[in-house]
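So that you can tell them apart, the chains are marked A, B, C and D in the order they are listed, and the count of residues begins at 1 in each.
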Amino acid sequence: MIFDKHNVEGETRVNVCGVTFGGSELIIIAGPCTVESRGQMLETALAVKEAGAKFLRGGAFKPRASPYSFQGLCSEGLAILAEAREKTGLPVVTEVLDTAQVAEVAAVADMLQVGSRNMHNTALLKAVGASGKAVLIKRGMSATLQEHLLAAEYVLNAGAREVVLCERGIRTFENALRFTLDLSAVPLLKERTWLPVLVDPSHATGRAALVPAMARAAVACGADGLMMEVHAHPDQALCDGEQSLSPEMFNKAIIELRAVAKAVGRIV
Amino acid sequence: MIFDKHNVEGETRVNVCGVTFGGSELIIIAGPCTVESRGQMLETALAVKEAGAKFLRGGAFKPRASPYSFQGLCSEGLAILAEAREKTGLPVVTEVLDTAQVAEVAAVADMLQVGSRNMHNTALLKAVGASGKAVLIKRGMSATLQEHLLAAEYVLNAGAREVVLCERGIRTFENALRFTLDLSAVPLLKERTWLPVLVDPSHATGRAALVPAMARAAVACGADGLMMEVHAHPDQALCDGEQSLSPEMFNKAIIELRAVAKAVGRIV
Amino acid sequence: MIFDKHNVEGETRVNVCGVTFGGSELIIIAGPCTVESRGQMLETALAVKEAGAKFLRGGAFKPRASPYSFQGLCSEGLAILAEAREKTGLPVVTEVLDTAQVAEVAAVADMLQVGSRNMHNTALLKAVGASGKAVLIKRGMSATLQEHLLAAEYVLNAGAREVVLCERGIRTFENALRFTLDLSAVPLLKERTWLPVLVDPSHATGRAALVPAMARAAVACGADGLMMEVHAHPDQALCDGEQSLSPEMFNKAIIELRAVAKAVGRIV
Amino acid sequence: MIFDKHNVEGETRVNVCGVTFGGSELIIIAGPCTVESRGQMLETALAVKEAGAKFLRGGAFKPRASPYSFQGLCSEGLAILAEAREKTGLPVVTEVLDTAQVAEVAAVADMLQVGSRNMHNTALLKAVGASGKAVLIKRGMSATLQEHLLAAEYVLNAGAREVVLCERGIRTFENALRFTLDLSAVPLLKERTWLPVLVDPSHATGRAALVPAMARAAVACGADGLMMEVHAHPDQALCDGEQSLSPEMFNKAIIELRAVAKAVGRIV
């Protein structure tokens, strides 16, 4: 397997537009769950950059359980993301839901995200792997770690080299939170693969108040970075507002993370 | 919601090429996991027809965990399925993995299957819903029943009317079998929706020896039909041979099912 | 292992007070979740006997999640169970929660129940196994089948010979019902052990309306009997009224079960 | 509820023999899974004390899945624990499996442990709560956090005041490790209760190599202490050797923990 760390020699860090995943610096990807408007995205993007984020996130195409829920601004959202990148200088990752969207999204995004609901979508994995773009693969909500690695293998086998994994919580009987964040996945994946491993504490917990603590835990056990939801005005969010940090909360979380990162020999 | 049985009046049965799902007759869909060769498919198709199957199944495009596993015969497999339909007179259901395949598959299949790994693939759900074909939606391996129904809603909302649900086992801590068949889903779904509910005991258990018992249980609790894997020569199967019934086992299973079906006022 | 069917010769049925588990007759154990009063228990006991139950159930000591919930009538409940047995002629199974209660409960009950919450309580398993009484062991809510069998091994190894297993649902992510009834456990356990296997559809589903369907399914896949909650007046139940059948519902369920049982070569 | 932090005023730390749980100092409980011999226990106890442990652990009575597995040295094990306490000056926590053992174990131990398999054993919870001893309650392997808190409520309601919770992993579909450590439980429990919250990364992961990382993560997200398995010679362990740290590994882990603890304003 290409993902296997025992099969690789030399450089194993992943570079995307000058951002290095897997090195001593922890990479914080931040932004809103969904691009809702030009104002919301730009305000949030500038705020997260100032706080220390190195990558922007924001959904233009949203995979919603119900067909009647807001499905994202789609192409208009992509244009806003492009402007946010230009204004901040930060590269952008955004989700792609279908093979037919890959070219359109790849024209704007620096990194394509395969979301949890599509981790087993092998056609999409092949397409993003052949797109020439970096790829971030979220763990399926009931995917084993082996399946997560094999999803990466589909992408690697299709030609991609800049591939990053992201733990985001699994489905269990515990219903106090949206998902159960499986942080043991971090050291376990790091044993097996050279691929950088990120953690998304926002989707896992679904509650902003718990995100900073779980972000610290992720860093403490070896995560190479974090994916965090920040919204300029969480109480006005169209989607997942409960799990979004305000810029102030995000700023405070980053400061706390710096101390933990230093304790494990990393920097933020 | 369109799926809601309380919102519908009149006829709620689903007719596909003369086969009626949701009526007093239980519909048995049978065939190999994967179309492996012309000989294997035709031999199996004739055998399952003779035993009482009303619909053929067979995978041309296979979603495999590893990119290095056999991915199906693809277009060649579709042609073989078309021949099997012609030879047997039975309609065909086969899985479609990507929006880009919908037209090609719809040109051959009578019913498009959205597999467990794609149940959350909203782009695909919309595309199959707009294809003009009947659609069979397998439950995601960690999907709640509400999410299964909402997946159907995507398909219905896109224009389809012939939609069928299929329970196929969920991921749990129990590892004695591949999945845990959640038969309580059958009466629970029937309370909420007018959509017919099938059960696939083959993928759920992963072991041929347990399939007949779980098929009987499915019928006893109200399933409208079954999806069963049959292979003319299970010991030679390229994929999932352990869970495939031989034609003899299938024939015996159908005979047993007839008795149980009669006990609950249905016929096979 | 003593439980292993490959290690046993000759008779493998389990006889308790003239009731034979594991033979061609399906054994229905019925009664209220909890003994609430003399009137409630006696009325229910007579009703279930008339409908065809062969064994009475009723909790005197209840394992409740909260210390402030009703914990059962305790010794008074045992006395009522003794009277119910006398009045109906049916043997009684009731739960024992602690080694210190074994002698007291064994003085009244014909069969001691180890509940789901105590399936891993090895001290209790040893004590009931040495009590000289028959033992019914419910599956722990997150116990593997292997662990369920090993719990039985504790009881068998302590000297008991009349031991019966009972599937009652496991914890999974699906929260539409209390537990996920794992019916595949039935044929799987029957492959491995000579111990009779019962199913409790009442606790598994937590909803009376689904109990008859799941009872039929249990019988169809090979269960040797059922454990069902019946309450003379479910709307007045102190505990688990939502999952209790009324005598009328129970009577109807038994009639339906007779047809399914016959279809699989059993009688009720 | 007594456990509720909103119902308590004043001091909420838990003091046991001079060790304070819930204060700024993180409490490390360490020792072997099982007391195997006098030499093994004393050697391990001295080593963990030197490395910084504040409390000793060691099982005298072991809850094993099979009745034929080693069940612990029982009373002899308790005597060895007493000697280890005397030699090191560290207080001792050990598991009690049955109400009939409470007095015997309480005569030796400073803190009684209710293990994961007995978390729902309400008779035992009441008995340890009335014993006059401090109590450590491990989360059941499929217990919700609410059930974990209610188990504590049984103990508190029976009279105990020195009660500590311990997260130790839950059962999920992921089978790469023994259990899935649910670290989100830490900040969530801390929101709801004044009870100190520990984490046991040894049982959760089942692999020594992952224990230090998960211990760091536990501290980073707010755990009040850790329970870690250390064995003087892990390769000779009778039970759970794979998850035991050697004294050298433990010493190194503590040093790493000190840095993380400091980063979150705690000390080890």
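Assume a residue touches a chain if its C-beta (ideal position, glycine included) is under 8 Å from a C-beta of that chain, and two chains touch if they have at least 3 such contacts.
From a predicted model like this one, the values you see are computed outputs, not experimental measurements.
Touch-path distance (fewest steps) from chain B to chain D is 1. Each chain's centre was taken as the mean of its CA atoms, and the one lying most distant from chain B is D.
Counting C-beta pairs in contact, the pair that comes out ahead of the other among A-B and A-D is A-D. Chain A and chain C have Cα centroids separated by 48 Å. One inter-chain figure worth recording: chain A and chain D are separated by 35 Å, centre to centre, where each centre is the mean of the chain's CA atoms.
Under the contact definition stated at the top, the residues of chain D that touch 2 or more other chains are 142, 146, 171-173, 175. Residue ranges of chain B in contact with chain C, taken from their complex: 142, 144-146, 170-177, 180-188, 191, 204-205, 209-210, 213-214, 216-222, 256, 259-260, 262-264. Residues 142, 171-173, 175 of chain C are the ones that touch chain A when the two sit in their complex. On chain B, the positions that touch chain A within their shared complex are 63-68, 71, 97-101, 117-118, 120-126, 140-142, 146-147, 150, 153-154, 157-158, 171.
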